[in-house]
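Just below sit the structures, each encoded as C-alpha cells.
Both complexes below contain chain A, partnered by chain B and then by chain C.
On to the complex of A and B.
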C-alpha cells in the first residue's frame, strides 16, 4: 500500500506489546518505542491495538501510495504533507494510488511518528510478533529498517479491512486524549531491584528522583543513555564479586522494559531492543504506562525526570490507560 | 552566493571530511554526525568551494546548527 521513496533516518515495522516470552533466550521484546501513539493510530483506522504500524524516528522520509487505503498519523509532529497539503495528526485519512506522503523532521517536541495502516502492516509474524528487533536483525520487514523501493502492504484479510474504508475515514481523536508532549519527560518509576540501602545511598536515590537528566546523543532503541550520576550515588566502594566498580554486580536478568540500569556512573533506560541480562545494577523501573514517553525523548536535547511511585500507582496507571482505549468519547466522529 | 550545511540530526560531530578551499559536489559527504549510536552522513545540498568550517570533532550540534559554509 505504501512504497518507500526515501527511508529517512529510521523507519521500522513495530507492534505492541512486541515479542514477549523470549527474554530467557536473550531476545528482547522489541515493540514500538511509543506504544501509546501506535495504539491510538491503530484505533483511529479501526485496527486491533496489537496490529503493526510504521515507526518513524527523526523524519526526512517519503512514501508513495501504491493502492487506496486508510492511514492515521500519530506521535511527533514532523510537518508531514500529503500531496503538498499538511496531513493532520491523530486523524484517519483516505489515500489514493499515487498520493505522495512526505515528512520533514521532528520539531520542538517529540521524536517519533507512527503511521497506522488500516488492516495493520503485513509482515510475517515471527515468534508471536511483527516487531523489528533492529539489533538482532529479525522480525518486521526483513529484520531491518525500511529503505527506498520497499513496499509495505496492509493485511488484506484482517477483521478491520473487511469493513471497508468509509466507516473510519475522518475519525478524529478527541483532543483531550492527545498525549501531552514535553522536553522534560516525567517518568514515573518504582525503585529496585538494586537500590538503597544495599547498592545505592539514600541521597543517591533522592538524586534520581529529583534531578532531571539530559538524554545523551547515544540514545536509541536499545537504551536511552542519560547524564551521569554523582559519586555519592554509590553505597558500596566496589562491586564485590561482580567487579571493581560499585555499579558491577554478578550477572542477572534485567527487568525490562524500563529498567534504569547504571553502568559506571552512567544511567541508561533499557527499552525495546535492550539487553536482557548483564552485570550492572538496575536501580529503578519506569512504569508500563509511561514507557511511551521514552520513545518521544529527543536525543541530545530532552531530559528525563523520574518520579517515585508505588507498584499500586503503576497498576492504577495501567488500568487508566486501558480504560482510555475503551472510552466512549475517544473519538469525535 | 553561499550555501550553509546545517545539521540534520542532533548529536556529536564525528568528523569533518573536507578542508577549506576544497571543491565539492552536490550530495558529497562533508561531515558525519553521531546520533543514536549511528554515524549519519551529512551530504551537501549544493556544489561549491568550502569557505568556512564551523564545527570540530566532538562538538555538540542540534538540528539546524550551522556546520560548513560553501561559496558557490
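On to the complex of A and C.
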C-alpha cells in the first residue's frame, strides 16, 4: 500500500522482538532499534505488538500510497508531511490512493521514525520474524533497505485488517505516554558478565556509570560506538589466552541485545544486528526496558549516560512497560 | 558483593569438574562460566555441551536460547516468566547429574566434507587482498597462505594438508556469523596454530576453509574474514532453504558437538557439488549419527604414540613460530 518514491538514508522492515532463538547459530535477533515507538505505532493502528513496520533512519524519504489504508507515524520527529500538510506523530491517520508522504530529516531529538501500517507490513516470515538483518542481508524486504520503486503492502488476512478502518482512524496516544526524547540518553544498565574486580577496575566501572559518552559517527544497527574509556579502566595487563589486549577474552557468547562490549579502549552498545559471539569483554548490559533509546541517539552528536540499576529494578521496568501497553488510558478517546 | 560484583552464584569443584560461576549479564542474560582461568581446553567444551543438551531438553518456560562457547554458556531468558534463581537452580541440578568425565557422552554427528586445496576462488581472495589491502602481506608472499602456515608450524605444506585431513574437527559452538561453527582438532598431532590476517580480508568466497589461532572455520557465505586459507569445501549453509538438508533452517551444523572430517577432492568436484546443492538441490550430504564418549577420547589422548607425536609437533611448532614473520 506504500510505494517508495525516495529511499532516503535507510528504510527497513523490522518487527519486535525480532528473530529470537538463533543466537547459538550465529544469527542476531535484529528487530526494531526503537521497539517502543514501533509497538506504540502498532497499537495506534490496531495491530498486534509484534507486527512489522517500517524503520526510517535519518529521513529524507518519500512514499506514495497505492491504496487506501491506515498508518501511524511514531518515533523521531522528521517534519513529515502528508500532501504538504504536517503529519502529526503518535496518532493514526487514513490515507487514500495517490497521497504523498514526505519526510524531511532528523531534527533536534531522535534519529529513527516508525511507520506502522494497519495489518502490519507483509514480507515473508524468515525463521520466525519479518525483521531485516542488514549486516547479513537476510530477512525483511529481500534482506535489504528499501529503494525507490519498492512497494510494501500490509498483511491482508491479519486479525487487525478484518476489523475495518474507521474504528482506529484518528486514534491518539495519550501525551503522558509519549516517550521522552533527549540528547543525553539515560540508559539503565546492569554490570556483567565482565566487571570489577577481575576485568575492570572499580574506578573504571565508576567511569562508565558517571561519564556521559559521546556517540561516534560510526554508530549503526550492529553497534553504537562510544568514545574511548581511559587506560585506568582495565584491571589486568592483557587478555591471557584470549589475546594481548586487556579487552581480549577467550571467545564467548555476547549478552546481545544491549551488551556494552569493549574492543581495545572503545566501548560499543551491541544491538539489533550485532555480533552474537566474539573475543572481547562485555562489561554491562542495557536493560530490556531501555533498549529502545539506543537507536534514537543521533550519531556524532548525542551522548549515552549509563545508570547503575539492579536486576530487580530491570524486571520491574519490564513489567511496567507491559502494563503500559494494557493501560485503559493509553489512547485519548 | 561490591556494587559492580556480578558473580551471583557458584558451584564448587567436584570430581573432575572445575568451579562453575554464574555471572549476571543483564535482566535477560546469565553467563555460566567454567573456571576463572582464561583457558582453551576441549574438556570444558565437552562439559558445556553435555549440560547444554540437557538444559535445552528441559524446555523451561521462559528460556529463550543458549549460546555455548568454549568455556562459557550464555543463557538468554525472559525474567518475567523464569526467575534468575530458578534458572540457576535448574542448571545446578543438571550439572550435578554429570559430575565426572565418565558421565559425559555428547551426541555428535560426523559430517564428511570434500575440500579442494588452493582452489581458484580462495586464490582469488588472496590476490584481491594483496591488490586491495596489503601488498606486502608476509602470509601471502607466494600468492597463497599454505606456505606461511607451514613456516608457522615448523613443517611442510604437505604436512599442513595431512594434518587437516588426518583429524576430526569438533564444533564447540556456532556463532559470530550465520551458520558458522568453531572447529577444533581432536587429534593433538594436528593442532596447527597460525596468526590471523592483519588487517582482515574484504572478501572470502562461500565454502572457504580457514584457520585462525587453532580454530578452523568454514565460510558459510561470502564475507570478509581473517583466517588463513586452505582451500574450498562444499556449501555448509543455504539462506534460501531449497535443498532438503536445509528444509527446517539454513544451517548444516548444529550447535552441539558436530564433528567434520575432510577428504581431498578436485576443484571440479567442489564446483559440481555447489551446483547440486544450490541449483539442482539433489546433493546427498554424507552425515553419520554418532556420539563422542569423553572417556574414550581421554584414553586416545593418553596413548603413547599420540602423546609423543603431539609433544614432537609442539616442539617443531615453537621453533616455527619464532621463525615466522609477524603479521
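The definition used in the following text is that the second predicted complex is superposed on the first by the 333 of 333 C-alpha atoms of A that agree within 3 Å, B and C clash if a C-alpha of one lies under 4 Å from a C-alpha of the other, contacts with A are read in each partner's own complex, and residues count from 1 in each chain.
Going forward, contacts are C-beta pairs under 8 Å (C-beta built on N, C-alpha and C of every residue); 3 or more make two chains touch, one makes a residue touch a chain.
Bear in mind that the values here come from a model prediction, so they are computed numbers and not experimental data.
A.B. asks: Once chain A of both complexes is superposed, is A:255 in touch with chain B (first), chain C (second), both, or neither?
C.D. replies: second
A.B. asks: Does chain B (first) or chain C (second) touch A:5, or do both, or does neither?
C.D. replies: After superposing on A, A:5 lies clear of both chain B and chain C.
A.B. asks: Pick one for A:136: touches chain B only (first), chain C only (second), both, or neither.
C.D. replies: A:136: touches chain C, not chain B.
A.B. asks: Of chain B and chain C, which one touches more of chain A's residues?
C.D. replies: Result: the larger residue contact count on chain A belongs to C.
A.B. asks: Figure out whether A:105 sits in contact with chain B (first) or chain C (second), or with both, or with neither.
C.D. replies: So A:105 only meets chain B here.
A.B. asks: In the superposed arrangement, which partner chain does A:57 touch: chain B (first), chain C (second), both, or neither?
C.D. replies: first
A.B. asks: Looking at the overlay, does A:305 come into contact with chain B only (first), chain C only (second), both, or neither?
C.D. replies: neither
A.B. asks: Overlap of the chain B and chain C footprints on chain A, residue-wise?
C.D. replies: In the superposed arrangement, which is not itself an observed complex, chain A uses no residue for both chain B and chain C.
A.B. asks: Which residues of chain A touch chain C in their complex?
C.D. replies: 20-27, 127, 136, 138, 190-198, 200, 202, 205, 239-242, 249-255, 258-259, 275-278, 282, 284-288, 308, 311, 314-315, 318-319, 322
A.B. asks: Mind pulling up the chain B residues that touch chain A in the complex?
C.D. replies: Where chain B meets chain A, its residues are 8-12, 34-38, 40, 60, 62-63.
A.B. asks: In their complex, what parts of chain A are in touch with chain B?
C.D. replies: Residues in contact with chain B: 9-10, 57-58, 60, 105-106, 217-222, 298-301.
A.B. asks: Which bits of chain C are touching chain A when the two form their complex?
C.D. replies: Residues of chain C touching chain A: 2-6, 23-29, 31, 33, 36-40, 64-74, 76, 79-80, 84, 173-180, 182, 220-221, 239, 249-251, 253, 255.
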